[in-house]
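What follows are several structures.
Two complexes come next, and they have one chain in common, subunit A, joined by subunit B in the first and subunit C in the second.
Moving on to the complex of A and B:
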């Protein structure tokens, strides 16, 4: 099946219209703090019953692609990342938009996302069998190492102080221990509250840690910061500047998009891990690593390209094994099966048209996202003209309602309040927030896979290196740890010596 | 003054109206219809079998009654959160939910005090037998070979499919127990659901998996996994060549999960009856049959009384299994 034939199926008014409407819808839901890509797709399901299979698949891919990008919008404007995938570089994008370049930042992120998505689809279309083989070899051992690698990246990229990064990460991991333990099914730190059985959901956690703490910080500073309206640069100027910085970093995009696709295709990892690892790698190879976390565009380009590429990659296990890579593809499989299509290795023979239409829709959705995403950026940045003292409480209120809507219980509001206070203390102690969020997101994954591996191996730790892929990933992780410990020790002794 | 009078009058009128309404309800007790949006609680995540069945039913109820049926996934606590939300809601017909087989297991393992007595069963809409799956490179060609190996080498093999004490764990441990083996002769490796368990199985991390037949079907069809048996007593259309445990095993062991639509505790008869009729009509429709066929499942239906009885039997049987394998609280 060649590309032209695929495009011929996709380029009908009906499919194009569906994709257009869905990218608008995805941009709207993704940009709202507290609403996720998964929620957007779940709400879409009843509509897919009235669509033919091609149209349904197109609707789902278009919605997720834009929703993941739109998570960057609320991150840059309000410091509330729309999805954990945007949390890696929220500090950079927020500071850049605060310094008067919100549109440049977001358009750069948009171009990176579009490009990442397109590269992801290209890899998906040509390398699905190879990716499938890779994901076929993934057991809990490999998943454990990959998630641990993701956690290590948090320490690498957090802030200049390694001990503080560790502190932040461990705060996140401690929060992740709340809820039912997977291995033995016993509730931990729930104090008899069944709402806590499922753990601390990351949406309220992100709202509390990023939005509430920012609000409290502003309140604490009082009237010393004048309530000036932020400057929003003219649209054309922003697009040109974004285009320029996009072209400057094409190597980063190529690297992060291909890496992101592979990580997205692996079970247990997803857009979140992809964005974090891409950000960490970007900082490692950057000419100006010290600028990261202080409003540097490079990390945004890498992270933004990687998470949209990972969205495409996540379809590999879904299509080839019928095993969803994340909750979005889980819903997608359900919809496809309802249409009488069974995902599995044979889908490339039996339903080749559909598979290539999914790829085609991805491509079109990503390109169309240029328009709809750009529209969303242009509109959303208008919000910045509102004085922050007025804007932030309003947004917090909306975000709390969003958090409440996700879990359907008032517990979400308590989580927002508690973690907001915790985050304020962390900011006050100069502990970065981002590693804690990654700790909350990945803590459970690391623990589950560790426990599962331990139970399989009956407590034999060497089993973590018994499989080929696991051994490679494990060695890589241990190497990074060694470097981190070395750096920590060195900085410890450097600070000790002068004081004597 | 006039206000008070008109209020009293109104109250009187309302009381009369209510009385008439309730006599009417008793006379022809199934004509209740919702006049505003209904919340449909699903205790399990979006994308799963319970979610898919419930969303389909919700959409068809919406078409039938012309009010929105909002599906809300209240996940967490191995099903406790969502089931509690259904059980504790006002029984006014504006909250219903997908009560699943876990209502008969959660209280035995000590997760909650709630039982099937604390909900109002309306109708059963799906029966999901457990399967016994192995990888396509597994040395086991039949269930007997697998059981023989487990009997001779207890603890050598591992199985997965859901959390510890979850329904698919009971399927495996209960089968071993029924066949006179140690329930831990095949060690249970907990997982976050069927999908990660099947990933483990493909990757060679575990030896067998016992998820729902419907969840494993596509991988079996694709030749990635091999189905040794499924735990049912009547053949299903989806996998005609796979043996039934009821025929292969001496104990005749079977285990199937089920999905219902149920209301909160104490749902009035007229409302429950109206739902029962509506669901029955839907399950008889061609659209529902088509939906079921697409998932490789058979159309099943059980009304209120039959379902209530079924829940009692299931509760006793599952309780016995849970006690036998030492997971009871």
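Moving on to the complex of A and C:
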């Protein structure tokens, strides 16, 4: 499928309109402190239910892309990152804003984000078909190892504590075992509730873990967004200065965007990890590393390019292997499955239009973000004044109706409540959420393939390594486990204070 | 204190694992198949127990090096914070119970009416939002998106 055919699908009023509205929505949600890009997508899902698959994918892509950038806005103005992906360079962006350059800082971040996103989608479009070709010959052995490798990567990059990352993963896998078992068709952990036979509905689970847990945290902590008093530059002057800064740092953008795409493709390592790593690399290679953290634009350029590139990168394993690169693509896989589409190597044969539309949507969303993101920057101080007492109750109501709309049953609301409380307990316990999400998404895939391989091998575990690709994937997985065990043991026997 | 939290988390994870193992004992087996529906949940339960041991060991280490720092973000720091947390959770449970009985408009209005003051808004704002939000959301979901939202007590006026 060539680029003109792809653009012909994307450049229709319906898709363009969807992308435009969703970039505005993403800009608003991303800019609000405490509302993450994942939450924006989770709340969008009920609406995608009523869209065709192409439109739904475009909506998710456009929302995420802009929300990740818009997280910079509240970071720069309030020192509260709108999304975790903006946390790496929040000190720099805030200090620059305080020095009278909020718009220049944000427009520089916008240009870096757009460029990072475009580079990310270029790599995505190039790498995805090649990987799909490679994975066409996969049997249950490779599928099992690949999913396990994805889960292991999520544990590896999930957080500083290996046991907590593992705990999160196993909690997610435990949730995935609820429902009819694949081996003999026996209902497990359903407690007689027939509605649970199909398992825990994915979308209410996501809404609970991301939206309700945030609402509960907001209610408990009780932060009120402070009113903004800031000196802002004239718009044109800010755009010109940002353009100059962008051109000065083109090498940084190229480096961080390509690195961010690769990091984004690792399951569990989302835009936030990409931004932190890009920021650290930028500091390492900078001519003025001492200025980092004191209001230096270089880290913002690198982090901004990397986190938006990672958004595209996360779609590579999601489309080719059905293994989400981050929480957003985990939700996207859920949406595609609800619409009868199964991500995997054959998606290029069965749903090529959809895949190329996703590529096209990324491109258009990034270009459109120049306008909608710019608008959000120009109106930033007003956007941040929406009272919490208005926003939070509406989000609460929307979250509950969203869950109900998907299943048509109040069980969805109970799932939202149960998983929202579970996520709150996990946050209190310092257990990260991302591995659990991947566990919920991949649990069935891992178990199905594991059982098939066990039956084929009659319990002989060496058979899991009998095929070449399976052996490589299995060895990689075991290596990651070895690294994790080593990290956990080293951490336990270390005598000095652990670094955060 | 970190060690206390780690002990609680470790105990909770172990309890969950034991509950899973006990439940799997009732799962059926087919004679021709050496592996049944209990295998995977038991592996997961084993993983949960190992994770619990690791978390407790981390807690012991933090005790040893006296570097434990409480950086919890969600823990309610005030009595009001705790109340707000429980109240929002109760509102969700209440909505699930009342939605089929009272219908969407009334249940949603009640949720908004009670949620606005919890998030720091005044009663006037609560009244305005509780009147407008259910109507707008009902229009979007019921009329535009064709989601079958229950009418409950307002069924005689349904369209």
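Just so we're on the same page, the second predicted complex is superposed on the first by the 278 of 500 C-alpha atoms of A that agree within 3 Å, B and C clash if a C-alpha of one lies under 4 Å from a C-alpha of the other, contacts with A are read in each partner's own complex, and residues count from 1 in each chain.
Note that a residue touches a chain if its C-beta (ideal position, glycine included) is under 8 Å from a C-beta of that chain, and two chains touch if they have at least 3 such contacts.
Everything numeric in this text was worked out from a predicted model, so none of it was measured.
By the touch criterion defined above, A:192 reaches neither subunit B nor subunit C. In the superposed pair of complexes, A:141 makes contact with subunit B only, with no contact to subunit C.
Looking at the shared chain after the overlay, A:163 reaches subunit C, while subunit B stays out of its contact range.
The partner of subunit A that touches more of its residues, comparing subunit B with subunit C, is C.
Once the two complexes are overlaid on the shared chain, A:333 sits against subunit B while remaining clear of subunit C. Touch criterion met: A:215 reaches subunit C, while subunit B stays clear of it.
Using the contact criterion defined above for the overlaid structures, shared-chain residue A:13 touches neither subunit B nor subunit C, since it reaches no partner. When the two complexes are overlaid on their common chain A, residue A:184 makes contact with subunit B and with subunit C alike.
By the touch criterion defined above, A:234 lies against neither subunit B nor subunit C after alignment on the C-alpha atoms of chain A. Contact with both subunit B and subunit C is seen for A:455 once the two complexes are overlaid on the shared chain. Across the superposed pair, subunit B and subunit C both touch subunit A at residues 46, 49, 183-184, 408, 451, 455. Residues 45-48, 51-52, 55-56, 58-59, 71-78, 80-81, 84-85, 109, 112, 158, 163-165, 187, 189-192, 195-196, 198-200, 202-206, 217-219, 221-224, 291, 294-295 of subunit B touch subunit A in their complex. On the subunit A side of its complex with subunit C, the touching residues are 46-47, 49-50, 161-164, 166-167, 169-171, 173-174, 177, 181, 183-184, 186, 188-189, 212-213, 215-222, 224, 387-390, 392-394, 396-398, 400-401, 404-405, 408, 410, 413-414, 416-417, 420-421, 424, 427-431, 447, 450-451, 454-455, 458-459, 488, 491-492, 494-498. Residues of subunit A that touch subunit B in their complex: 38, 41-42, 45-46, 49, 135-142, 179-180, 182-185, 187, 194-195, 197-199, 267-268, 317, 321-324, 327, 330-334, 337-340, 342-346, 408, 448, 451-452, 455-456. The touching residues of subunit C, when paired with subunit A in their complex, are 5, 8-9, 13, 16, 20, 23-24, 27-30, 33-37, 39-41, 44-45, 47-48, 50-55, 57-58, 61-62, 65, 67, 71-78, 80-82, 84-85, 87-89, 91-93, 95-97, 99-100, 104, 108, 111-112, 115-121, 125, 129, 133-134, 137, 141, 145-149.
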